[in-house]
Amino acid sequence: MSKSIKKIGVMTSGGDSPGMNAAIRSVVRTCAYYHVDCVGIYRGYEGMIEGDFKEMNARSVKGIINKGGTILKSARSKEFRTAEGRKIAYEKLKEQNIDALVVIGGDGSFTGAMIFNQEFGFPVMGIPGTIDNDIFGTTHTLGYDTALNTVVEVIDKIRDTASSHNRLFFVEVMGRDVGHIALNVGVGAGAEEILIPEENLGLDRLLESLRRSKRSGKSSSIVVVAEGDKIGKNVFELKDYVEENMTEYEVRVSVLGHMQRGGSPSCFDRVLASRMGVKAVESLLEGQTNYMVGLLNDKMALTPLDQAIKGQSKIDKELLRVSDIMTT
Amino acid sequence: MSKSIKKIGVMTSGGDSPGMNAAIRSVVRTCAYYHVDCVGIYRGYEGMIEGDFKEMNARSVKGIINKGGTILKSARSKEFRTAEGRKIAYEKLKEQNIDALVVIGGDGSFTGAMIFNQEFGFPVMGIPGTIDNDIFGTTHTLGYDTALNTVVEVIDKIRDTASSHNRLFFVEVMGRDVGHIALNVGVGAGAEEILIPEENLGLDRLLESLRRSKRSGKSSSIVVVAEGDKIGKNVFELKDYVEENMTEYEVRVSVLGHMQRGGSPSCFDRVLASRMGVKAVESLLEGQTNYMVGLLNDKMALTPLDQAIKGQSKIDKELLRVSDIMTT
Amino acid sequence: MSKSIKKIGVMTSGGDSPGMNAAIRSVVRTCAYYHVDCVGIYRGYEGMIEGDFKEMNARSVKGIINKGGTILKSARSKEFRTAEGRKIAYEKLKEQNIDALVVIGGDGSFTGAMIFNQEFGFPVMGIPGTIDNDIFGTTHTLGYDTALNTVVEVIDKIRDTASSHNRLFFVEVMGRDVGHIALNVGVGAGAEEILIPEENLGLDRLLESLRRSKRSGKSSSIVVVAEGDKIGKNVFELKDYVEENMTEYEVRVSVLGHMQRGGSPSCFDRVLASRMGVKAVESLLEGQTNYMVGLLNDKMALTPLDQAIKGQSKIDKELLRVSDIMTT
Amino acid sequence: MSKSIKKIGVMTSGGDSPGMNAAIRSVVRTCAYYHVDCVGIYRGYEGMIEGDFKEMNARSVKGIINKGGTILKSARSKEFRTAEGRKIAYEKLKEQNIDALVVIGGDGSFTGAMIFNQEFGFPVMGIPGTIDNDIFGTTHTLGYDTALNTVVEVIDKIRDTASSHNRLFFVEVMGRDVGHIALNVGVGAGAEEILIPEENLGLDRLLESLRRSKRSGKSSSIVVVAEGDKIGKNVFELKDYVEENMTEYEVRVSVLGHMQRGGSPSCFDRVLASRMGVKAVESLLEGQTNYMVGLLNDKMALTPLDQAIKGQSKIDKELLRVSDIMTT
């Protein structure tokens, strides 16, 4: 074990996601297990620059494993994007004798960590926390599984009212660059059509698909749309377009928005967070740095931060095919 | 017991709400209990005109007490608003030897029932089913309690992300004419401010309240806004206005929309539906007509349909005061 | 307003229930609103005797409105049942200049409060917090509505497996003296039979009812049994008895137990807690003492503590009748 | 594609689990996609012997993806264990021109399928459906993920009441032979100790662990116990033992039982079921037989039925270690 690391800082950064608190708890408890001090850094890089720190022990993380959000709060920091800002941050860490960092967040947070490591040789370890599952080097990011359940339950509710009224619903879910959420909840909620950034179905084929669904006797339809869908119209424009071109349906729109980020984490996310926290601390103590902890083939694995950032999280082709079969 | 009623028709009409299925089940089982035939009428008045009927017995309503939506479906009918349409509907009912109607729905549905009764002397009984709780003659409409829980759970999730990022959220909930949902979920979710149709807080006082909340050390705020709020701006305009006038917060908007109508009914709504179904059938069998079944002082009570329609469902003044104390 | 009350103590006592935290929050915030100090007393009367107190303000109750359990914890105190114990408790309160008490709990807690008031003339106000709804003077105790939803959701899950296997389940729910929970969840979950303390169905009629249910084509049955049911056998003995006397069913037992007490409170319970907290503090400030705050005819009402304790919370006869009709 | 398969039978067998309906739906829809007929076989092998069949199409599986239990019902069949019984079953299938079988179930169901295949050369394909996750050849069985969430949510509720009263709870969860559920929910719910069949902690070390937990300042403790735990005492005996040997805690027991099998499947289970159904049908059409469909390294994979039955589903050693670190 690396003798040089005696105090680890832990922070959350970027958009919050369910499981972040469970990961904080795991980092703190693993530090305690290895008799290493642990410091919570509030509000991400912003709090780091301001020296907004707090010593943490097992008591500090009591009762948070099942809470959404992050007790360390999160923020975006413009100052940390400047060399001056990072210099101040580095000094604040040194003042507190913090030897290494665990950064829980997404792409942007990891980029900051990597640059920080390059500039100061500061040991950093990333834990992927975002509901979008858009990080390379892990099959699951923290919060993704919870978000899938949250969204599927909401669509189940929308289905109640859709099928009571013979309506067509466009339901917009998160996913600017990747369609993981849309594809999985689309299959999971039995959606009639799924629009994701990775595929441009095209307006003609969408209409065709909806007409076929209608002809086959379906009285209601739900189309799941990822935010970043490339069909060329936002979800409200889609509604107008379909209403102009199909008179068979009353069309409604539901934009799920921020509720997708909240809620008590699923068992899967709590366990994943616990595993990732242990792996992150142990990896730092073993002298590893500049990696992201991930889940690959059901095991903990390290991916260099630059690969995690540059690599692409790809949609599962087999699931796309399953989706086609299920929606035909 | 009225000897003339041997077959009762039951239908749902207008917007669907959780508990409608439980009410259908209760009507059907109560008819069976009293050895009266029961016919389900699909898609409200539209299905009545089309003769879209189905005999129902205890088997038909198996496993639906906990399902959202309505197995009889619902629709709005233009034709029923014409004398010709109602004539056809009446004939369809007579063809099937249906002697009386239980109409589960809201204002509009009851107006139809009342006119139908006036024109043909046809026995009708209303059961208030709508999440808005905007019907006079009952403290609770079917689905209202469920919707409160649905919304409160969603706001709890939004709170997770709001408090992780020091954000202000405007959350728009249902309620065009009355603020029951907004007021109750606002108190129940610990909202910092509640905007309802019954009161115009005014933009100045809203800003003042948000500033006071911020000064008191709160890092996040949630403002619950009823659809029909009279502050003069829609929820997206409100966001822009506050962002222009307060730099302390990042502001976000969440419009909850149709998910509020769905979901498995709460125990309260299932029990209320069961009670209302029994009361509706028994009242018809006792020769009553043109009433709505309601809950008043925790007991089943009948209110004439015209009063139910014209009367106003008023916000609870004491709860308004509680809300003021809780949000100060 | 009573000038003599400048500091109010608040405590939870007896079994915990969802909504207790929301009530604590309401008491604390109402005190703040009226510029009265508020002190939290930990672990009920035990903590009172030990002087386990903490000043509370709006910050202290942040984020607890949606949490189950009680942040002030609860305990049973043998010492408080002695005159010496109560003397010590009184002195501890005086040391801290506490002028009045809000006691959130059930029968036993109120009895303690009443004796305390008799002995020392100390102003006390009760808030009924128990899932059993077994208190006179309120149609709803705090936590009751939440427990109904918790139990109904569990029975829905048991129904999944019961109907997949043609099984009979006995589900034991809380309720030693009254059958409120059993009766309501029995109706709400569509149980085939409901056994409550208020009625002794008798073993013969139970068998007869189960046989009739089986003959009518039902492939699964759920019998809800209140803990305090008077049929003369516990739920496991019932299982054996039915298996000996009916070969048609495989029988299973599920004892729901303590999970019924936990969970995030329903919107109804949160609102009720908020109303009760305001009413309790305002009543004390108006000089009232020795009352319990309750909900009667949908309004806040005071009932003398001795009546609340001695009076009987009776099962709703009309709901019993509804239950009979639904299960026939 | 195999030309010989024109009609596929699908059945559920053994204990039900969430996701079985989603799997049935997927099998039916995949058959429709490939223009192959599909027949539902009711009540497992028992219904097969009785010829309790029903043609199924996309309409038949409408609205079931989110329902717990199994619409085809399940049963255990003594007769199918005899050569005569299986002969009759085979003839019933031939009468209906059923060419191949998809069996959704666990160990016992697969053994039946394998013998059936051996005796009659009948093409069979297994889909692992059981909450216990005790099948070799798949990292996840259908219903396992859902059960984890169900149990974790219940333990969260029990935690509310445990921490309000400084109590120790023994919570018994399913798992006769393997501790997957106990280990994962133990970690996920932050349990203080986890007792699983794979490890015999021993009574002394259990007491020691509970004492250490108490000394460290914890006021409540939750011990998760798998049904098949080897500590030598059942959960009620454990309670007595601990109460005799530790006076620090009030001890309570909660046996979760059958509710763990029910409920709407998680998104993960719905998607997994959809994938497995497609894979099962496609594998049969490609001429494969006597395999189980599973999830290995996040991809669909086939495992010979005899290996699936004989192989051991092993607990994750790394998670055991995580559990040790989290509970220290």
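The first chain written gets the first letter, and so on, giving A, B, C and D; residue counts start at 1 in each chain.
FYI, contacts are C-beta pairs under 8 Å (C-beta built on N, C-alpha and C of every residue); 3 or more make two chains touch, one makes a residue touch a chain.
Remember, predicted model here, so these are calculated numbers, not experimental data.
Participant: Work out which chains are contact partners of both chain A and chain B.
Facilitator: For chain A paired with chain B, there are no chains in contact with each.
Participant: Taking mean CA positions as centres, which chain lies farthest from chain D?
Facilitator: B
Participant: Give a one-word verdict, same or different, on whether chain A and chain D use largely identical residue numbers at their interface, taking over half shared as same.
Facilitator: Since more than half of the residue numbers are used by both chains, the interface counts as same.
Participant: Using the average of all C-alpha atoms in each chain as its centre, how far is it in Å between chain A and chain D?
Facilitator: 28
Participant: Between chain B and chain D, what is the gap in Å from one C-alpha centre to the other?
Facilitator: That pair's centroid distance is 39 Å.
Participant: Where the centres are mean C-alpha positions, what is the separation of chain C from chain D, in Å?
Facilitator: 35
Participant: Can you list the chain A residues in contact with two or more other chains?
Facilitator: Where chain A meets two or more other chains at a single residue, that happens at 156, 159, 163.
Participant: Following the definition at the start, I'd like every touching pair of chains, please.
Facilitator: Pairs of chains that touch one another: A-B, A-D, B-C, C-D.
Participant: Would you pull the chain A residues touching chain D in the complex into a rising list?
Facilitator: It comes out as residues 25-26, 29-30, 32-33, 58-59, 63, 65-66, 139, 145, 148-149, 151-153, 156, 159, 163, 184-185, 187-190, 216-217, 264, 266-268, 270-271, 274-275, 278, 297-300, 316, 318-319, 321-322, 325-326, 328.
Participant: Which chain C residues qualify as touching chain D in the complex?
Facilitator: 12, 15-16, 18, 20, 67-70, 73-75, 150, 154, 156-166, 169, 219, 252-255, 257-259, 261-263
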